Amino acid sequence: MKFAILINEGPFTHQASDSAYRFTVAALARGYEIYRVFFYNDGVYNSNRFSEPQTDDRNLVSLWAKLGKEHDIDLVVCVAAGLRRGIKDEVLEDGFRISGLGQLVEAGIQADRLVVFGD
Amino acid sequence: MKFAILINEGPFTHQASDSAYRFTVAALARGYEIYRVFFYNDGVYNSNRFSEPQTDDRNLVSLWAKLGKEHDIDLVVCVAAGLRRGIKDEVLEDGFRISGLGQLVEAGIQADRLVVFGD
Amino acid sequence: MSEMNEFDENGPEVIKRFMYVNRKAPYGTIYALECLEVVLVAAAFDQDVSVVFLDDGVCQLKKNQDTTGIGMKNFSKTYGALDDYDVEKIYVEKESLAARGLTEDDLVIPVEVLAADDLREVMAQQDVIISS
Amino acid sequence: MSEMNEFDENGPEVIKRFMYVNRKAPYGTIYALECLEVVLVAAAFDQDVSVVFLDDGVCQLKKNQDTTGIGMKNFSKTYGALDDYDVEKIYVEKESLAARGLTEDDLVIPVEVLAADDLREVMAQQDVIISS
Amino acid sequence: MLHLINKSPFERNALDSCLRMARPGSAILLIEDGVYAALAKAAHAEKIISRMDDFSFYVLGHDVAARGLNDAPLIEGIDVVDYEGFVDLVAEHDVTQSWL
Amino acid sequence: MLHLINKSPFERNALDSCLRMARPGSAILLIEDGVYAALAKAAHAEKIISRMDDFSFYVLGHDVAARGLNDAPLIEGIDVVDYEGFVDLVAEHDVTQSWL
């Protein structure tokens, strides 16, 4: 079974990204495929490579990038939501890619389940 | 009379920055001094120079920078809130400066009124 | 894995029922606008698209919006484009309208007003629900 | 401009009453943590600082928080530092506690529990109110 | 004291909390999504109507217009202000509290 | 259908709307600040208790523990799950709706 994940909020401010991350890790542990993680609304901020939390805090940008690399997960940042918020190639962490909203709809079509995390 | 403004949310996602901007413009029109605008929580995103809204939409980052320059307003981005969210010198729009939370407290002491805009 | 096989067998012809749920007021937050942007893109895919407005989401469709004073883009006219994009299943919850003192005549586009009891059944028939 | 003159006359010795208002639960959003960070900085200034917890804000002080499962930092112990920083005016609204089935014994630090009718008077005496 | 409400009374508890905690004699200004609380025909109108003697209510007209509510009756006795009126209210009251 | 509630029932209307719109037989999982709805001694407990026959209620244990509620009685009949149990619930139900 294939899962798609939609994240609507940025890191730290809301728990959405944390919950989605732990859900994704658990889904992988259960043997499910993660078809795509799509970052929309403030969710685009999860890909900002300049994010530098305190050393005893989790770094959600790195966590997502690492998880994506280890499990070959497609991490897609919405271009339209990203542009207005200043999330562009100049600040994008390795492992994320910027693309259109069609990637969200396509994920909804291809995946067997879509789970939305937001505020 | 001196006003201080605290903005807790980023541009676009919440109306906080828009409301604070219009309030500030109106306060200047009324002849009041703006002692400082302090950007906290997701408010730090208002200083991201890469923000590029659609051409028919307002650009809050430029609007703040321009207003700050025209009226010599101290636009302060919280260093701690900014670090975890990846708002650092590398992405900072001209006209904003990064500093500590003490600047918020000091604004509360020095200004006659503090108005908070958030979610 | 039964769903996957079922999906694969049917190939690209499978049409899913996508529902976009709007529960938030416009302008105070961006969710209304960015949800509309998704729906307009989604309309280009050959899927069964419906849009629901309930709770404060019904306020997105209020007529006579004039945003000049707040400096934001008035996107309420864009809802009229849904019809051009063949998005015709637009539902508004009756109880949410009534609670806000609004009626169908207050809305910028023709919609299907449904009581919660009926909207519940429509929502239960979807394959994908995207909320924002 | 009367306030300004008053302020100037008193010079740097003026002490303002700052109140930090917490109405949000911890972990679901960052506001609780980032408000605490402000209060700890504010304590270094020679001002009259008070911190109020009402509505879901009272949940910030619940004992026995264990965040290992959600991967976030447990900052509830930091409230204990408020006393070290001489922040001693910590108020919790009685009605908010009761609505959540909590009592004073459930809290990580000693606080002053006030009924809304009394807390209202304390809030009305402040010079600066910072909410988040 | 001036209280700012920027949340819809249908979605959040900010208005309820403000009405519970504000001292009678205070001013309450509805901005952003808070303006929905001013709708005379809405189910929540009674919350404000029953407290008209305790508080002075204001609503930011620009936010009312943006949301298309210029043609909807507002609760009688709520004063409509613009951004400069908002500034004046802040100046006239010693302290402003935002109910976020 | 699986419904996700991540908001405190004291602060927002998400739980109310979900209980109004969800079809009986659905599952409802409380996560993040939604877990406060599971408190047995809270004023809002009746909202869920009165619908125990209509829905299967679940709560994410990690979010309960994070908020220090492991020592607080939860409403009887709400099942506690971990993140893998959350994944199982999503897999078992055709559609998941988040009440944001």
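Order of writing sets the chain letters: A, B, C, D, E and F. Residues in each chain are counted from 1.
By our rule, a residue touches a chain if its C-beta (ideal position, glycine included) is under 8 Å from a C-beta of that chain, and two chains touch if they have at least 3 such contacts.
No experiment lies behind these values; they were computed from the predicted model shown.
K.L.:
Which chains contact both subunit B and subunit F?
P.N.:
A, C, D, E
K.L.:
In terms of CA centroid distance, which chain is the most far removed from subunit C?
P.N.:
Relative to subunit C, the chain with the farthest C-alpha centre is D.
K.L.:
With chain centres set to the mean of the C-alpha atoms, which chain is at the far end from subunit B?
P.N.:
When every chain centre is compared against subunit B, the largest gap points to F.
K.L.:
State, to the nearest whole Å, the distance from the C-alpha centre of subunit A to the C-alpha centre of subunit F.
P.N.:
Result: the chain centres lie 24 Å from each other.
K.L.:
Quick check: how many Å separate the C-alpha centres of subunit A and subunit B?
P.N.:
Centre-to-centre distance between subunit A and subunit B: 28 Å.
K.L.:
Using the touch rule from the top of the page, what residues of subunit D touch 2 or more other chains?
P.N.:
Residues 3, 23, 27-31, 55, 70, 72, 128-129, 131-132.
K.L.:
Counting only residues that touch at least 2 other chains, which ones in subunit F make the list?
P.N.:
6, 10-11, 13, 32-33, 62, 82-83, 95-96, 98, 100, in rising order.
K.L.:
Going through subunit A residue by residue, note those that touch at least 2 other chains and give them in order.
P.N.:
Within subunit A, residues 1, 8, 12-13, 15, 19, 22, 41, 54, 57, 114, 116, 118-119 contact more than one other chain.
K.L.:
Return all touching chain pairs.
P.N.:
A-B, A-C, A-D, A-F, B-C, B-D, B-E, C-E, C-F, D-E, D-F, E-F
K.L.:
If we count contacts the way the header does, which residues on subunit B are in touch with subunit D in the complex?
P.N.:
1-2, 6, 8, 40-41, 80-81, 100-102, 104-106, 108-109, 112, 114, 116, 118
K.L.:
Under the stated contact criterion, what part of subunit E meets subunit F in this complex?
P.N.:
Within the complex, subunit E touches subunit F at residues 10-13.
K.L.:
In their complex, what parts of subunit D are in touch with subunit F?
P.N.:
23-29, 55-56, 59, 62-70, 72, 74, 76, 98-102, 106
K.L.:
Residue numbers of subunit E touching subunit D in their complex, please.
P.N.:
Residues of subunit E touching subunit D: 1, 13, 17, 20-23, 94-100.
K.L.:
Mind listing the subunit C positions that touch subunit F in their complex?
P.N.:
That would be residues 3, 21, 23, 31, 54-55, 93, 95, 116, 119-121, 123-124, 126-129, 131-132 of subunit C.
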